[in-house]
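Below is the structure I would like to discuss, written out as structure tokens.
As written, the chains take the letters A, B and C, and residue 1 is the first residue of each chain.
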């Protein structure tokens, strides 16, 4: 069998002169290693290195990009293998072939979406299977995929190596023991997998379960978290543990980018009140903003790169949360604001050479208005890649068009993937490299950049800038 | 005389490969029937089927798109035939030829606007007249148009049939007797004209004249509206009457999309206070938001599709309202918010198979940030076509570029025209089909979609999706 | 030596048919005179007509577009010749050659930015020097530029004439004596240089130093500013003085576009309180909004065109302000709102033939949502050119794409440059003419406009509309 291929010019601009330049630029980045410095793949996947499950388990049930689209057209969660708590609902489908068939029958829904782009890559380039998903092809495709997944060459570590992943960062609760990371390091496999410190659950006293998290923090660190100072000491201890396990960065998923620092006594008072069982929502919110400021200070001190992902309202439908749990596609962006919100943090550390801050957004209006002007002057700040709903062919293009005027290319991080779907990682890098090639090619075609400059910039965006943004020393250094 | 023609490639992308694909895609939709499921043409127009008036009355005086542009360049309302209440102002021009001349002299103002695109279509394709409007051509054009309008082939019903309109929905006050619709049905004409239920004036206790509207509601339904429960019963009665007259949908023009449900007792209390002559603005606003939620519930129960058009500040200049009345071009959009505002409504009915909710906006920032993510997961929600100021070649393009990533094509309604200018209806569908063909052609040229898929999608956008969104059973069903 | 040349098609669209039209359109505007009706060049530059200083002083140290980009990548202000007040910092570099070298070494940072576009124009087209800035070329370039600057043909007045500047408006404190303008007029040079009235420091009682400004206003006018009425009289006197010195316009840099008029007694009360040393921030803000309304009234009365530039948060980093002063690149846009904010002002004067109001924004979201709909109906309002962070190839394109639907071309001012870098003036006009040619060419290529119309519109945008917007009578009149 000949290996099927996607069109070599996919996602490149149509204009012939622009496409010719884009091809040349893309050729320079196509085979570069992948830097996967922010993501949601579990370390256990690579620690276990077990074969992937069936096609439904691999592609459908856990992927909220896919399931949300099917749900939007009336497909029941249960039909996708997602069990709910509503006893009146149908039982969840357990036949993976039936789940896969439901997905294939709805393939047309993904026309024009990035999900379609990624899935085609995964099927054709990663798995080497042929045929377009449809009711008619579903069973044959299922069998073909299942056969591939049974081969040793399609186990996680083999794919990791085939993908050319240089570093893979996972995202881990601040309370994680990082045992899976230790297993990977212990067994001699040469793949670089590092944790990322995500302390959200510890920084929001307003959320249910917060006191239990604080207690667990004490248990894990052996530090008494009964006081605010103890809390800070325990956080520092966890950050140290992450750094020792190879972590490069922290990640913060706050509702807003508010970063106003409170007087220490005020922070301590709110902390104590919250632990005692009651801080009002305004105080809890102020504390979370304060802690973002404190996290920046700790990053400045310990060198962990700080990432902020604000502005998404999680679990928009409380009924879905109650019945099916989180991460079911019901997280919805809301308007974001950075100019005023980040001002306190940047006034403290924005020109401090010790801090590296990376900001992501799902609100495109902030690109040209706030984020590019901020990243274009504060040395601590870098603008992260288009995030979540914006990580698409057109979203990547609009990002470069909007941010380059004020931030240039070199105040962005280059591409940062952000996925829990391991097989989609090379697809996402492929798309980003094509989108950047297309953007740079337009600048060349409009005589705003030379082709040599464009090629050099593309390589920087794909490889050097992510390394620099996350503080990885260059290979030769 | 040979029939004059517009350029067959108008509004299609310039790149040759993209244009070739766009032509092929557009050819598949060009001659499909028109679904006009939301608009402001009066039913009396088709009930009377009288000849249209003179060119000024047809094209200029009532069209706020046109008059606002002329006013913006210093032309007096009066010169356009709009009489004001200011006794110091000039009397309104009554010579239609003079009004038409004023319009023709300002033709250059419309360069690059959708109004120009529509008018060219109306003149050339609908009326078959030649020549570009100008001071020099004004009189000849006037005569040519006037001659056409006198022919039987240019009466409303004849045009309705020539346009290929399959259904035309009007927009009607909830207090309308729907007598004109009854006349159309009664006289045996086969054209399908249905009303749309618009209860805005009943749902905003803060607006002057509200108590009179409530009294009229009681008079029309015979239901005592002295209590909140009676009010709800009367609303249900009117919805029933609309549904019996063929209505497919309701339409709601609130200032915001706020949809927080109040406890029934609280709603009843505000209703009673407002009837008694005084509800404070905050309470009146809360009541309007509450009623949006109640309207969704009633839609779930009676099957009328619910449309929301929020975010336009009506009558921005109070002096214009006082002197010339509403709908003079002084309605201005303001920032809109949906993620938080629609949450209560969607939490109640967003996954209820009984509800179909269509949302429109004049705030493009909400496309990728809020509306596409919402429409891409809630099965009840569909994203309406670009509305009002955004129903333009570039506006239609930006819409598809911004919403497709997260909502795909199939969570949009396809094209929905929204005009009071009957002759512009085919022009608007023509433009939308061209814009969608151009967008799909780009996806084909970038190897993101096959041509066959693009053609099928274009047909769905032009024909099948509007039918499905408004619950019209498919022809073969 | 042959004069080096930039590519003649730079910044024109790549599609061949579109580019051909763009070339033809651009040819019609390329050699038109420059109208520089808003800027920050100092009148003293042209009054003195001294040779420009060295390359660092001319291009680097005072240009916050340049310095902010270098600072964002960790270059110290001091290395750019900017002395700070921190005694622990390095002393500022005083060797202009070293400063120039630092800039040249960082040339790659400007890829894709408008700064790069302008600088290339300044180097090649204005100064006629060759070579791309780099560590290697820095010294040779320095010598070449320095040699040019020593020639009489490169003095300010000679360049003014070579650039084809028809009028240059400076921006001047309301307290300026306008002595430099008087010197220019007095010495018989034929260049037209006019002041612009900028009273911001007088209208914000909340800012430190306000009482001193008010005292200076009294001193300069001889009008007692102890009362609100005296204050208004003194403002009128200054406006008169500016008008007599040739001023065409005023300029207002408020934090927001709020324009609510206060009752006179309330305004007088706040004024008195503020003079006495204390007005709370809310009252001070309300007073500033009130004064915007009053300024509109004075413009209506004296014919000075009113410009508003709202929405930029100045001196985002207080540490930079304290150490290095204002205008160091740390001004950051924030979200803007016009629909509600401008309503009071427009309700009073929006249809008054005496007022001309020009609005600028750094928030692109307001283009299609608020500003184009407002400018498309209020005769007093014109939409200014893309401002500051948006004055770029892609920013100019997005502006036309977003505003033309509702405002057309003729409710915009055409191009208005806004720079303190004298040599960049022709570069900015060149870019704007290319961007408009590209936009118009697309309309031609999409059969939405004839080529003749596009050419005429381009000339209007480059020449006639700025003249009309600022009330300059046409040459033949």
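By definition in this document, contacts are C-beta pairs under 8 Å (C-beta built on N, C-alpha and C of every residue); 3 or more make two chains touch, one makes a residue touch a chain.
Because the structure is a prediction, the values reported are computed rather than measured.
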Report task. Look at both sides of the subunit B and subunit C contact and report whether the same residue positions are involved, with over half shared, or different ones. Result -> different
Report summary line: Fit subunit A to subunit C (C-alpha, same chain sequence): the rotation, rounded to steps of 5 degrees, is 120
Query raised in the report: Taking each chain's centre as the mean position of its Cα atoms, how many Å separate subunit B from subunit C?
Result: 40
Report summary line: Among subunit A residues, those touching two or more other chains are 15, 365
Report summary line: Counting only contacts in the complex, subunit C reaches subunit B at residues 15, 17-18, 337, 339-340, 343, 346-347, 350-351, 353, 365, 368-370, 372-379, 381, 400-402, 404-411, 442-443, 445-449, 453, 456-457
**Report entry** Partner subunit C, residues of subunit B touching it in the complex
**Finding:** 6-7, 9-16, 68-69, 71-74, 108-114, 116-117, 313, 316-320, 329-330, 332-335, 362-365, 389-390, 392-395, 398
